[in-house]
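Same chain, two partners: subunit A is paired with subunit B first, then with subunit C.
Let's look at the complex of A and B:
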């Protein structure tokens, strides 16, 4: 598939996705779809960095900021999420720059970068838990129900509206992914991930390019957190922030496929369906089982299928687009210590 | 065009480059030779911004560039190749060069970058096909790619670091001619660091010899080759044995 054929496939696929909630209204299934779309967007945001070997375990932090800042501004200051979400994104972006700049300037790469970002996740989680007077701590937090304009409060009761919002946000993520993929910045980032000195010798401002993609990734992840909060109307530190959420992003992106645009989406479908079927099949007896399965699968995938499920399938279908395997092994290997 | 004064680089207690001054004029090819560890690559790394000098000044086209970041120096018109080729294997050959064309020329336009890539690839004799993979290139091909990347940044001054290591004699001559063509056709000034003396002497306008981080001789190739100090540190000891070993290796390989 190339050019027009691919565009047509995307068009038909999208039309089906948009039409879906109008013909199929089962609320439970729509709920699962909304969750898949929101998490797909978060995983796609993570993979924007991850695909270039910038393995961040700090994205739980960005997501938590997106969710909590939006909700806190609404509850305490009555600020509409339409303003709160941009503010939360700016906060996450600022944090990304504060942590990213020294890392990139002083060349903290590979495992050390992973460790720094891991600390970031932990810190955000601790801050949310520790300021329990405002955030509700580990018991969770609920945005106040809007009394007036639902649109202004970004609170909707019907699943169809949320499905369409989630679809739009997800699509936005995919479009940004493709935009980066086609830009010169992708060349620069691929080059940086292989050899920073050689990239600099080609004229690339290594620190600036890494900061830009980190900023973009953090902004998008914060948006995912905010949308998740508005949809669920209930957040806890553990569901939107912390190391577990960060690891979940790494896992889903790697299982789905880091190097293809729909890979993280595929990863979200697998992880959420797995968690749901365990929950339905075994109930409370299986709490935490999904994490066990994730861990085992992650090890298996990194060793045997580093391009992820979708990436490997697409590779089979069109052998001409080859990306040397060794480098991908390297990129995903960095994620190992967390597994 | 380039004026270097009192350049010093220390790594802890070790002085890699000690008070070296030289100048390069517009349009010339300056050869830079010296035994291993004499400071050639350190000088290159300071000129290209990879290392900041401990002291001394580097004036390029009248502006001080000592200590600037590598990407800034490239955008001012100094391109470099690496001693050991450093291709980006995740990109195609064309993308490697287009990347340098884009970022090395101040990130103006993608079209301009791709034109520069096509020009540079044609200049060094690599295919301009957009899908060719780096994995298909041998030692000579990788050196050409390295050169094409540097050329795509539209340098006024090219720092060529030991471009000929690992090539056979025909390839060496070809590469030497290429450097000369680059100077003649694109009017790019060149500083060339090279171990293989014969080829270098044939192409360069002037030679500068380093030993233990200090400049010990400078001048026309013929004069430098006859300088007793040069013969002592370079030709007298190392070169004979090295050349003999190289000849022996070639005989066996050709076997």
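Let's look at the complex of A and C:
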């Protein structure tokens, strides 16, 4: 009964979301909604790893690869994004495996893992900047306007089409989140995040489980980058790659709540509305202010509300819940190196 | 004959790049020392370490360029300012999170990174600024070295020796080293850990301040300048083994050589990319750091 009620709520919610652009056509508001959906998908992709204590600051790198590889293949080789996006996802996935394998195989966890992934996103940014002859460097990059088939080029002029695409991608992210949530992998990863040795002793293949979730998360993040690029038709290294983007993902996921499926979405709504209202309120003077507020909020949230807004509210609503697992009591629990 | 001439020139450039690498290594080692100190004692990684350096560089810029203070008078003030920032960072952000999972402390300093970067953007704008001091270029034979780099290298060495003496010759330094070995016991021995943490944070900040004074001689300052040497500092610390001072020292020079020699063949950015590739390879060979015993 409870499950059915929840399913019905999802169904009604989705129907409203799909119907929305046909009833309400304000282009600015639709634009904000598209951005929220795309970034929600990116944040959800990050949280797939983050919720198991695999805090990656390398996702800015994966997103940048998704955006730039797709755009470069289109501009230089004339390759349709329908092929370019899978190629870019494969590239991001390959990089995730190359960096992830030694990390997981040699049990680089905690601080070490964060710093390695942090460097990864820094390096991707450097490569994009260094190859400025092809990527336009820090000035940004624009995919060529399609002269022929819009569908083939994945370029659409109306916001309604983009809204529906972004909604579908976002929904895909939520479905994958629930799929992982109900899989055996989830239990394995929770065991790993609490005690790697014990999990290994219990027969969990620690390296393989971690690699699988990392690969999934990287592939989805690259897709988010590619979709963002196709929608905005302009990317710069700073908006789709680098440490700032990685931290933005962490921030939104933590503010919204890491351990509930809609948490990252909630985080995206809060952060984007915050940035937009600051932009409207302060105009061009707002440059920098949104990040200043983000930063302060991130610190405050980690100190006072590590479960995020949605996570804490849901907890409040059902206090009779079973004893929370150790890793949910804290934002993220991590096995210390050598512990 | 043409080949021989080419080799002669190449050797000179190679030697010059090697020496420049050593000079670059000094500043990197200083940065790595600061991070390792914080990590070794408090068990926290300041993601925003390079951003503290950025604030220090702005302090130098404004004092020297705007208010006309002499470089060597402005430097101690900058070091003090960043030391105070380090202590403040610990007091406001790290101290409330000391019992939280380490990852939360790390992410909170990520928030501080955002704050410092956007504060600089809001307060100083995104223009590139420099001290406008043109230091002479020293020539040894056919090789040219920037005086700024040589000065930085020497000052970095002096800074590191001073920290070494402080850690080994003073009571406070000994207490810091003792806490790095066992956090619980020292509190029972009557050492005020809170005070030691605060001193260590200030010391880490002071090292960032010194690095700022040296880097501002060679590089323009802008709100995102931290991103150009922050990641490399983290790689150095991980490669040397977090908290391992000697490992960090060696790794600094290894990375500096790779960047410098890589830059010889291509852009400096590619030097960074090479350094990262080297790092990935080293992770397979020595995952627990350069000096760690193999498991």
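Keep this in mind: the second predicted complex is superposed on the first by the 318 of 339 C-alpha atoms of A that agree within 3 Å, B and C clash if a C-alpha of one lies under 4 Å from a C-alpha of the other, contacts with A are read in each partner's own complex, and residues count from 1 in each chain.
The rule is short, and it goes like this: a residue touches a chain if its C-beta (ideal position, glycine included) is under 8 Å from a C-beta of that chain, and two chains touch if they have at least 3 such contacts.
All values reported here derive from a predicted model rather than from experimental measurement.
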Query raised in the report: For A:201, is the partner it touches subunit B (first), subunit C (second), both, or none of the two (neither)?
Result: first
Requested in this report: Determine, under the contact definition given at the top, whether A:193 touches first (subunit B), second (subunit C), both, or neither.
Outcome: first
Requested in this report: Using the touch definition from the top, say if A:302 reaches subunit B (first), subunit C (second), both or neither.
Outcome: second
Query raised in the report: After superposition on the shared chain, which partner residues are touched by A:110: those of subunit B (first), subunit C (second), both, or neither?
Result: second
Report task. Determine, under the contact definition given at the top, whether A:291 touches first (subunit B), second (subunit C), both, or neither. Result -> second
Query raised in the report: subunit A residues in contact: does subunit B have more, or subunit C?
Result: C
Query raised in the report: Of the partners subunit B and subunit C, which touch A:57 in the superposed model: first, second, both, neither?
Result: second
Query raised in the report: Is A:184 contacted by the first partner subunit B, the second partner subunit C, both or neither?
Result: first
Query raised in the report: Where on subunit B does subunit A make contact in their complex?
Result: 48-50, 69-71, 74-75, 80, 82, 86-91, 95-96, 98-100, 102-105, 107, 110, 113, 131, 133, 135, 149-150, 153
**Report entry** Residues of subunit A defined as touching subunit B within the complex
**Finding:** 184, 187-188, 190-191, 193-195, 197-206, 320, 322-324, 327
**Report entry** Partner subunit C, residues of subunit A touching it in the complex
**Finding:** 53, 55, 57, 98-99, 102-103, 105-108, 110-112, 114-116, 118-120, 122-123, 125-127, 129-130, 238, 242-244, 247, 250-251, 254, 287-292, 294-299, 302-303, 306, 330-334, 336-338
**Report entry** Touching residues on subunit C, where the partner in the complex is subunit A
**Finding:** 39, 45, 47, 93, 96-97, 100-104, 106-108, 110-122, 126, 223-224, 227, 230-232, 234-235, 237-238, 242, 267, 269-270, 272-273, 276, 279-280, 283-284, 287-288
